[in-house]
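Accompanying notes for the structure given below.
Labels run A, B and C following the written order; every chain starts at residue 1.
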Amino acid sequence: MIRFDGFGKRYGRQRAVSRVDLAVRRGEVVALLGPNGSGKSTCLKAAAGLVRPTDGSVEVGEPLRSAALPEARRGVSFLPQKVAFPEALSGREVVEFYRRLRGAAPGRTEAALGMAALEGAADRPVGTYSGGMVQRLGLAVVALADAPILLLDEPTSSLDRAGLAAAHALADRGRSEGRAVLFSTHQLADVERLADRVAVLVDGALVGDLDRAELADRLARRGVLRLRVARAPATLAAALARIAPGAALHDDEIVVIGPAAVRAAALEAVRASGAELRGLSSEEGRLDLLYDELVGAAERAGPEVRA
Amino acid sequence: MSAPTRLAALALVARQEIALAVRSRWTAIFAAVFALLAVGVAASGYILSGGSGFEDFARTSVSLVQLVVLVVPLAALVMGVLAVAPERGTAELLFSQPIGRGVVLLGQLAGLFVALSAAELIGFGAAGLVVFLNAGEEGAGAYFLLVLGAILLTAVFLAIAALVGAGAVGRKRVRALALALVVWFAATVLVDVAALGIATLLRSTAASRLLVASVVLNPASAIRVGSLLAVQGTAAFGAASLALLRLTGGPVGAALLLGASVLAWIVLPVAAAIRRLGHIDL
Amino acid sequence: MTAAPLVEGLLVALLAAQAAGDMPSVAPGQLEGRPPPGEASPLQARVDAAPAGATVEVGPGTYDGDLVIDRPLRLAGRGRPLLRGSGKGSVVRIRAAGVTVEGLDVDGRGGGDLGRDSSGIHVSAPGAVVRDNRIANALFGVYLREAPGARVEGNVVRGIRGKDPGEKGSGIHVWNTDGFTLVGNDIADCRDGLYIQSSPHGTIRGNSVRDLRYAIHFMYSDDNVFEDNLFERSDAGGVLMYSRRLVFRRNRFLHNRGFASVGLLLKACDDSLAEDNLLADNARGVFLEGSYRNLLRRNVVAESDTALVVYDSCGENRIEGNAFIANLTSLTLVGRRTDTVLDGNYWSDNDEPDLDGDGVSDRPFVLGSLFDHLRGNLTAADLLAQSLAAAALGVAERAFPVLAPAEVADRRPLARPPPLPAVPRPSPRPRRPDPFGLAGSLAALAAGGALLAGARPRRPAEAA
């Protein structure tokens, strides 16, 4: 339903995205993950027909057609990163306008407003909306078209609880109704809650395409254990180095990066050493670390990929 | 319910643009200022005629044309740029819809054209009441020509606004707005002054040609001169009318040439804007 | 040579050519005399039978044919009889001194020959009186050819409307006549209204002339006086050429707005005196070329596009104590300089204060902006008159005085409009509501309002 085929985009001499190959099939929810400026928005905009590829192609729909074609976009609903609306229009007018533009049934307006929990504010001008309400109105517009392809650029940022629920409902329903959903996010929680697959973009290059279990494993492998200790014996460093080669010991802080088993062993070693444990935190996964790892892997696989 | 045709989509965008224009402070200001000035001009003509008895419609029409040439391009350029270059989030949502970018642009222009023309009709209508309450022998036909001139001017400068502003989302918006003001200044003052300045350095035949060419090619001047010639005949510019008519091949030639210039200034910028918008990344 | 003198020169040449066309080509011996029997009026027998000094009364009715009067008598219409000419020449031909023709309607049937002076009433004898006649469809209305002492009074002349000016004659044409009086005539639709050539010592008073080429036109005619006339809606109100010592007062030159129109034009016209005249709503108010020592005082020049056009071929003219009101441009100087004295006038666009309260602005009023100077030397610049460019030049000129051309100034501009009680009021123009215009305006208001109201926010109930 969505296919990036060697997609690349340059803005002048600046390369935003290079050679992305990615396909999203019907019934699939794919998260685009990556640091700021990694090209997530550019990919989504290309699929929405807003950005013209400088290399390769971006096609949508069934059959696949260039996203630049208005007809191809009949099956696409796109939520921009910072969606905005003319402030003088009411929420209902906005939804009504887009409903007519998409040729959706008249009843869809109320349904979409309801889904976005905006029934109460529907007749107020958008100018009086909070940031979260504007974002929800965006979700309402995206929902009303009933498009088989959903492109959501950071749909959960700046959302309140109601919005979050709406966003999640949208993605879930998309999956169950056989739509193709591609969304970008910074938040692991979104990925875990919503995505079937994760495509990782770093510096405009696709460095990983993982399913949800793989991602969880990868993240678990890159878990971080942080300990604050007092009276650590001199032998502790050597003990830790045996268990976790990358472990670092500075003054009273110990940082251990690795799979859960390694971290558990490290913790055990600290306890056994008789050091006094003053603080403990453990994270299951750090995205930045994962990015680094994936980038490293990509570079090892072949430098031309990121050239 | 199926997807709307391109024409229906255009009408939909146009309708929304009218709604936005109606609620915009700019339209309100434009309509109010235009109506006030127009009534003021008409009333001052009336007062002069009441006082001394020789102010006539020709003089009122000159003042009205001046007013139109000053205010209408400014309003069309500013409001046009603001409309065709919306906020990034608005533009992205709108242009990701399954309609062509050209359709969106044409719809926006059509909506604004209707809204601004309506504002001008109100201004001219109010001024017309003053003029025609005390019209003497002057015809309504000439006044209609002035209105037509103003509406053509609106179309021309909306077209130019489209070229200046199409696709200028985000920070480029401010640049487009600044450029629009430069265009306004050039069309209303700069081109004429430059033409005059250069003309003084030329021999008389070449100077006349240059001035006539600058008048024909500059849409603001073309409409100003066309309106006044249509209303007053050759009396509008005395011997200069003769020079114009001679160089353009008589009244029919002049009308065709001025009309062609105005039409070109409407069609070409819009075509160029649509073309450019088609290639642009939003 | 710049464009303006070129075009103006062209116009003047054109005037001269047309004036030459006006010159009578008839040799005295070839005057239209006695009409042949087939063209003669049934009145001819009565005129021929009347003794000198008699009054021939003509009753109501239509009399077809031409009539020659070759003895001193009075031909008096009773009940507006109509004399309908043969269409081959002048309808009434006065060939004896002391003839009076009055109370007749004369129809020239559009016929005859300009070269033979074909007129409604043709006078070629001294001491004629032409009074209270209505003359229509004649090439010339009344023609005075070597008719000293003639008095033409209270006639109405309507020329042949729609006929090219080159193919018809003047309303009242005076040629080579020393001493004549034209009073209270009403003339329209001719080539020129009152055409005076080589005829000194005329008095022209209280005539109304409109809708033709030149309302009054002097050629080589000195020492004429014209007062209290109305000259309007023509190519020119007054065209005064190659004449000296003309005196004119209290005339109205109004609404001469056509192409190259002018209220009052003086070319090679010296030592004239113009006072208490009203020149209003003309394309150009006063046009001076090649003329010397004329004095214009206490006139009102109002609402012209250009109040004064002065060529540098003029000299020693004085323009003093006039009121220049609401003109778009005060002065266009063609050429580089002028010695015209322009002191002590009132200029409505002079906003210099009069702080010492002596009735004179504290600073001289500089006439002619940079733009005026440009347009004076470049005709096509008028296309930009009243544009913002012209205004911008004005602003630049005030900001940077170095741009200003060496110019003419009124050194003692009046701070307030002077009382000019002798200047006539303009004729009141018919002023009434225009139903079409009002309906159109209301329609425009309604259409504009409806267009805008049609896009008002729709209420939820409608939207649902």
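Keep in mind that, in the parts below, a residue touches a chain if its C-beta (ideal position, glycine included) is under 8 Å from a C-beta of that chain, and two chains touch if they have at least 3 such contacts.
In this text the structure is predicted, and so the values were computed from the model without any measurement.
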Centre-most chain, if every chain is reduced to its averaged C-alpha atoms = B
If we define chain centres by averaging CA atoms, which chain lands farthest from chain B? Would you check?
-> A
Counting C-beta pairs in contact, which comes out ahead: A-B or B-C?
-> B-C
Per the C-alpha means, the centres of chain A and chain C lie apart by a whole-Å value of 87
Express in whole angstrom the distance between the two chain centres, defined as the mean CA positions of chain B and chain C.
-> 39
Mean-CA-position distance for chain B and chain A (Å) = 48
Per-residue overlap in chain B, given as positions that touch at least 2 other chains | 19, 23
Where chain C touches two or more other chains, by residue | 457
Residues of chain A touching at least two other chains = 93
In the complex, the residues of chain B that touch chain C are 15, 18-19, 21-23, 27, 48-49, 52-56, 58-59, 62, 66, 69-70, 114-115, 117-122, 124-129, 131-140, 143-144, 147, 188-189, 191-193, 195-196, 199-200, 204-205, 207-208, 211-212, 215, 221, 224-225, 232-235, 237-244
For the complex, which residues does chain A have touching chain B?
-> 9, 11, 45, 48-52, 70-74, 76-86, 88-89, 93, 97-98, 100-106, 138, 141, 151
Note: in the complex, chain B contacts chain A through residues 1-4, 9, 12-13, 16, 19-20, 23-24, 86-90, 92-93, 95-100, 103, 279, 281-282
Where on chain C does chain B make contact in their complex?
-> 1-4, 6-8, 11, 254-255, 257-261, 280-281, 283-284, 302-303, 305, 325-326, 371, 374-375, 377-390, 392-393, 425-434, 436-438, 440-449, 451-452, 454-457
